[in-house]
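Look at the two complexes coming up: subunit A is in both, with subunit B in one and subunit C in the other.
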Partner chain A sequence: MSAYRSFVQLGLGLWTTLRQIGRGASTISYPEEALKLPPRWRGRPALTRDPDGDERCVACQLCSAVCPTRCIELQAGEREDERRYPVSFRINFSRCIYCGFCEEACPTLAIQLLDEFAFSTEHHQDFIYEKEALLIDGTGKHPHYNFYRHAGVALHDKDKGQGSNESPPVNGRSNLP
Partner chain B sequence: MTLFLMALGMLLTTVVLLGIAGFLVFAERRVLGLLQNRHGPNRLGPFGIGQALADALKLMSKENFVPAFADSVLYRAAPVLVAFSALASFAVVPLDRGFSWAGNWDIGLLFILAMSSLNAYGVFLGGWASGSKFALLGAVRAVAQLVSYELPLGLALLAVVLLSGSLSLNGIVQAQWVPYIVLQPVGFVIFLIAGVAETHRLPFDLPEAESELVAGFNTEYGGMRFGYFFLGEYLGLTLIAVLTAALYLGGWHGPWLPGWIWMLIKTFAVIFGFFWLRASLPRPRYDQLMLLGWKVLLPLSLFNLLCTASTAALWRLG
Partner chain C sequence: MKRVFYLDGQTVPFTSGQNVLEAAIAAGMARQIPYFCYHPALGSLGACRQCAVKIYPHDDKHPPRVTMACLLPASDNLQLATVDKEVHTEHREIIELLMLNHPLDCPVCDEGGQCHLQDMTVQTGHAVRRYSGPKRTYHDQDLGPLVYQEMNRCITCYRCVRFYQDTAQGDDFGVFGSRDRVYFGRLEDGPLESPFSGNLVEVCPTGVFTDKVFRHDYARVWDLQQGPSVCPHCAVGCNTMPGARLGTLRRVRARHHPEINPHFLCDRGRYGFRYVTAAERPVQARLHGARSRQDVVLRQVAMRLQEGRSGFLGSPREDVQSNLALFALADCLHAPFAALSSPWMEALAQQCMALPQAPTLSDVETADHLIVMGDLGGVAPMAELAVRQALRNGAQLTVLASQPTPLAEAGDYRPTRPSALPDLITGLAEDVCLQGSRRPVILAAAETLGPAGVHALRKTLARLPANARAGVFQNSPNLFGAAYFAVDGHTARLQHALRQRQIDHLLCLAADPLGSDWGAGTWRSLVPGLQGATVLDMVDTDTVRAAEAVLPTAAFPERDGFFINYEGRIQAFAQVYRREAPVLHPQENVNSFPAAAGGQMHPLGPPTPQYWLGRLAELLDIVKPWQERLAFYQHFLCPISPHPDSPGVLLDDALRARFEIAAAPAAAPVGTEDWELDLFHWYGGETLADAAAELQSLAPARGLRVSADISAPFATLSGPCGRLRLPVIPIVGMVAGVVALDQEGFAELGLYPGEAVQIQWEVAS
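Moving on, here comes the complex of A and B:
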């Protein structure tokens, strides 16, 4: 009886594998076929620009501070229109672990992990990307966000309270009961 | 002149057989890919058919290395023995009516059994001479397995010999007025199982068993010596398939097409069956393998032989 049952099981197993012939491959031929990456894929970090084309980074050092492998290094500077910007920005990709903490820490949505993941060099030194290599022309994942139009800071062309979704500052003294 | 032509023909046969073995390595990987929802090798040439060539080139360009702890004479001899015994067996296999080197030889089947025993020696010596524990364990397994599966194999073949009254493969194929799988279904199954165990292929690849024994008997081998083992294995697979076709599936008999095409179709169908088995079944434990051989297949094949013999005797009397 058990011999009969094992023969049935054997046949079922063989049939299960034979059925797979029509299904096609569930793997892909990688370099020719593109991978379908999930929307939240964490690839190589890049510095994005705001919709007006100015760089978003304000050189607050938060990404550098939160980075668990200490692979981000930058120097802050200030432009003539009072906007802060990174004079230099370096990421060492032979240490980066693509954890995405820098993206989470960034208050201006400047540093973003985009979907590039396959890049290689022959030497470790070539993995240190400078600002020119990191700064991209687009806005990344957040096409409409502009930090300076939201934040309550004064700038040369706008005063406090003039940003979008922002009310004028309240005069504390006139508000007393 | 005839001698020269004969030598040339034998060389050609050998080269073609080695080519088939190389092609089968590639074909197996493609078929396994098909059965396991993946691509398999598809880089070199159309459908990746150049993979066999690339593998061969890689193996040939490797260093011919002999480990310091190995018995160097036996270590060198073993792979040659494996490949030779598998190749020599093909001499008695007929591809069509009168199309073989020694298809009419009176002891063809016996010769094949002898060569498959020699094959076991090659595997055992390879494992023994390597001087490594894994290889030795693989070799011990190989001998135990091959000894215990040669008995059912021989007994199943004996029933065929009883039916056809001949030990030459030509005679056996000619005697098949109906494919012997109809008259010998049990013998066919026994032959197939024992054949898979003889060629030590999955699911009976315990001598190699890469998940337990690294690579079993050929752990210490590399380069073309490993290539000989590999070719020997695939030649053995082809041999068992071609024997199955000749002994049980009617050989070159078949309607419409020429005989040798029928022979090839049947052979490759059986080979596909082996690939299919490999894709489907897990490897049994060692004691389960021995139990199946000694306690199930051996009594079954004896019973099969007894039934065939008594039926044949009754037929002759009545």
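Moving on, here comes the complex of A and C:
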């Protein structure tokens, strides 16, 4: 009885195998062949630019605070018009686990996870990417967002009250009702 | 009996006079009641309407009602609830109203991470913005180099103006406008004039007022290394909390001390810390003005010491252990030692030490009769703030000064020549007003009083009722610690040895005898006998620039130590951070950590004075006796070392009692037609704070302050040690016949406050 059942199952297995003949290979020869990754794939983070081409990051340090492996380190600086930017920004990719928390925390959509996930070097210190290596030229996944257009602070090309959804500055001296 | 009320069924203890919110915060139950306008130092106002609780009356006639916790006096067995639908609605809707116009600024707002508004918004669960209309905006003002304004973020809690106008009694900041346009700022752009302006940063619960100095070198609070420290800029010894990151000091905030500074700091204490990051700060050992390797410099200094022709000079600017270590080294080498730079200062320190226990600043706040002598606010600003609190409580204030100081304008100003002070003080013993008051307090700027004045003060106190207290203030943090070594004539002996060419090398610990220390004129005249000086210091001074060898020392937040403040309170400060090569600051790298002589980067900051002195003891082969002596003196002076987090311990009375025999110093007589000197002291000025660029950009012009009837543009003063030509600054209300000069000027002339001076007025052409 049990011998008969074994034969049937053997046969079924063989049939499953035979069915695949002619369908072609489903593995690809990575890395020679590129992977087709979904757009929400979590690879290494990069710093993007806003639609005006200026760097998005305002050095708020939320990404470095939320990072579970503490691999982001940055120092804030100020430009002439008091716009905040990171003087230095470094990520240690030998510690980054591609969790995407930084992307989630970033209020300016500056830091975004790319699809690059496998890279190798000969030395550990080569995994420490400085700002020059992190800052890319495009807007990444969010082509339209520009944090400074929504914030209340003034910049060289934007005075108080010129942000989106802002009324012109009030006269703080007026006692009129 | 312990008095309690009930909040959500939990018992909350309270003391009489407390309101419900205050008691709940003290009991650690602040999470139940969100609030904005209440502040422990500013009290309740009821402006924000955020702190709602529901009160259940004891009788049946009144229904339960929602009321403001900060305006509700705590009383026995009150029944209160916050877990209630109406209370929740109020909390939720008020915060939503406050957030209607709030900008989307958190990522670029320096308050983020320490923002009361953020905390309360999260606490009340207001997460989604429903209002989509346009937001109100304001233009901002430039309020000077210390405080940054961003008015859009205001929630009109009025804390700033209550602090500035009520607590600090400043009059150049206020509230303008009406309805939803109220504006908190100055009438016109310009630096805030109050010496306490930096506290706006701490009282404002939002990011309207933030620290402008911190802003330029910003780091989020969660990244800061913080630790308990003590302000090194004057004798008050306010408790501070410096914050550092990546081996650089970024900011200083107030740390709670119940009796000295429960909440606030003066601007010198808050912004003076920049001496630590000043580009001129010596951070590498120097020999003959050129950077050199530590061991080379140490060997050179050890060689000098070995010759046996060295003198040692300590300083009230250094902490207790460093002075002790220097004293112990001098002792081992049988070399002359002095802790203070002039015999006059030595006498002054002795007299200060002999005074009976001084009042704490919280005692000053509860005084009902105050007599202030000299420019108290210029020397010790927080003492002025305490006097102002007493004034608010209805105290009577008399100011005996030669200049119309800000405090003089707030009280009864009696224009007084400094030389007349000792006699006036003696006369106070018969003052009926003083005799009759409950808590009379006399406060003075030590230097204006001089040794004779402080001596007279002690005699007067002995004749006044026991409730009368007195405190004298000076602008170095450790005068009492240094005064301990100020045994009769040490400084004179050291100067004599130099004059007689018995010694030709001076080892100075944070002393500036060739620059602006008291008595510097005398030292400068002794320079020809000096083969070389070695300086251990943390700021760039004239002596550092002239020295043969410079051994840079760690700044106070970079090490542990003790200061003894004006009350004789021994307070410990802890190392907050380690100065390191700041990898992320390219410009710092160039300035502070240049390649050493050997071509290497120095990874660590300068070591402590004890380290340097220990190394010298090693090279001289006297480590063991040095250590033994050091341990002995330390045990003798402060047998119990207080913990940095503790309120400190008071110096033993027996130690102070031995100074009571110090003789009454004779003051040089001043004729009525002589020009007499008084000290002018700006609130931000002090040797360390002088290296803080942002603060110093506010410093008043240097000059000779005289009464307004003098019209000469320039004057030349001559004293025993030199001449000085200064522009004349006429001051309305100043006593005729008195000229006020800064400490550097005194150092140049070799004169002291209350002494006569020769003046040549230049006639306007």
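Basically, the second predicted complex is superposed on the first by the 151 of 177 C-alpha atoms of A that agree within 3 Å, B and C clash if a C-alpha of one lies under 4 Å from a C-alpha of the other, contacts with A are read in each partner's own complex, and residues count from 1 in each chain.
Throughout what follows, a residue touches a chain if its C-beta (ideal position, glycine included) is under 8 Å from a C-beta of that chain, and two chains touch if they have at least 3 such contacts.
Computed from a predicted model, the values in this text were never measured in an experiment.
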Based on the superposed arrangement, let me know which partner A:G13 touches: subunit B (first), subunit C (second), both, or neither? first
Using the touch definition from the top, say if A:S2 reaches subunit B (first), subunit C (second), both or neither. neither
I want to verify the contact counts: of subunit B and subunit C, which reaches more residues of subunit A? C
Looking at A:S167 after the superposition, I want to know if it touches subunit B, subunit C, both of them or none. Which is it: first, second, both, neither? second
Please work out whether A:Q125 is in contact with subunit B alone, subunit C alone, both, or neither, and reply first, second, both or neither. neither
Between subunit B (first) and subunit C (second), which does A:S29 come into contact with in this model arrangement: first, second, both, or neither? first
Overlap of the subunit B and subunit C footprints on subunit A, listed as residue numbers: none
Which of the residues in subunit B come into contact with subunit A in the complex? 33-39, 42, 276-277, 279-281
The subunit C residues in contact with subunit A across the complex are 103-108, 112, 132-140, 150-153, 176-183, 185, 215-216, 218-220, 222-223, 246, 584-585
Subunit A - residues contacting subunit C, complex: 58-62, 64-65, 73, 75-76, 78, 84, 87-88, 107-108, 147, 150-154, 160-161, 163, 165-177
So in the complex, which bits of subunit A are touching subunit B? 10, 13-14, 16-18, 20-21, 23-27, 29
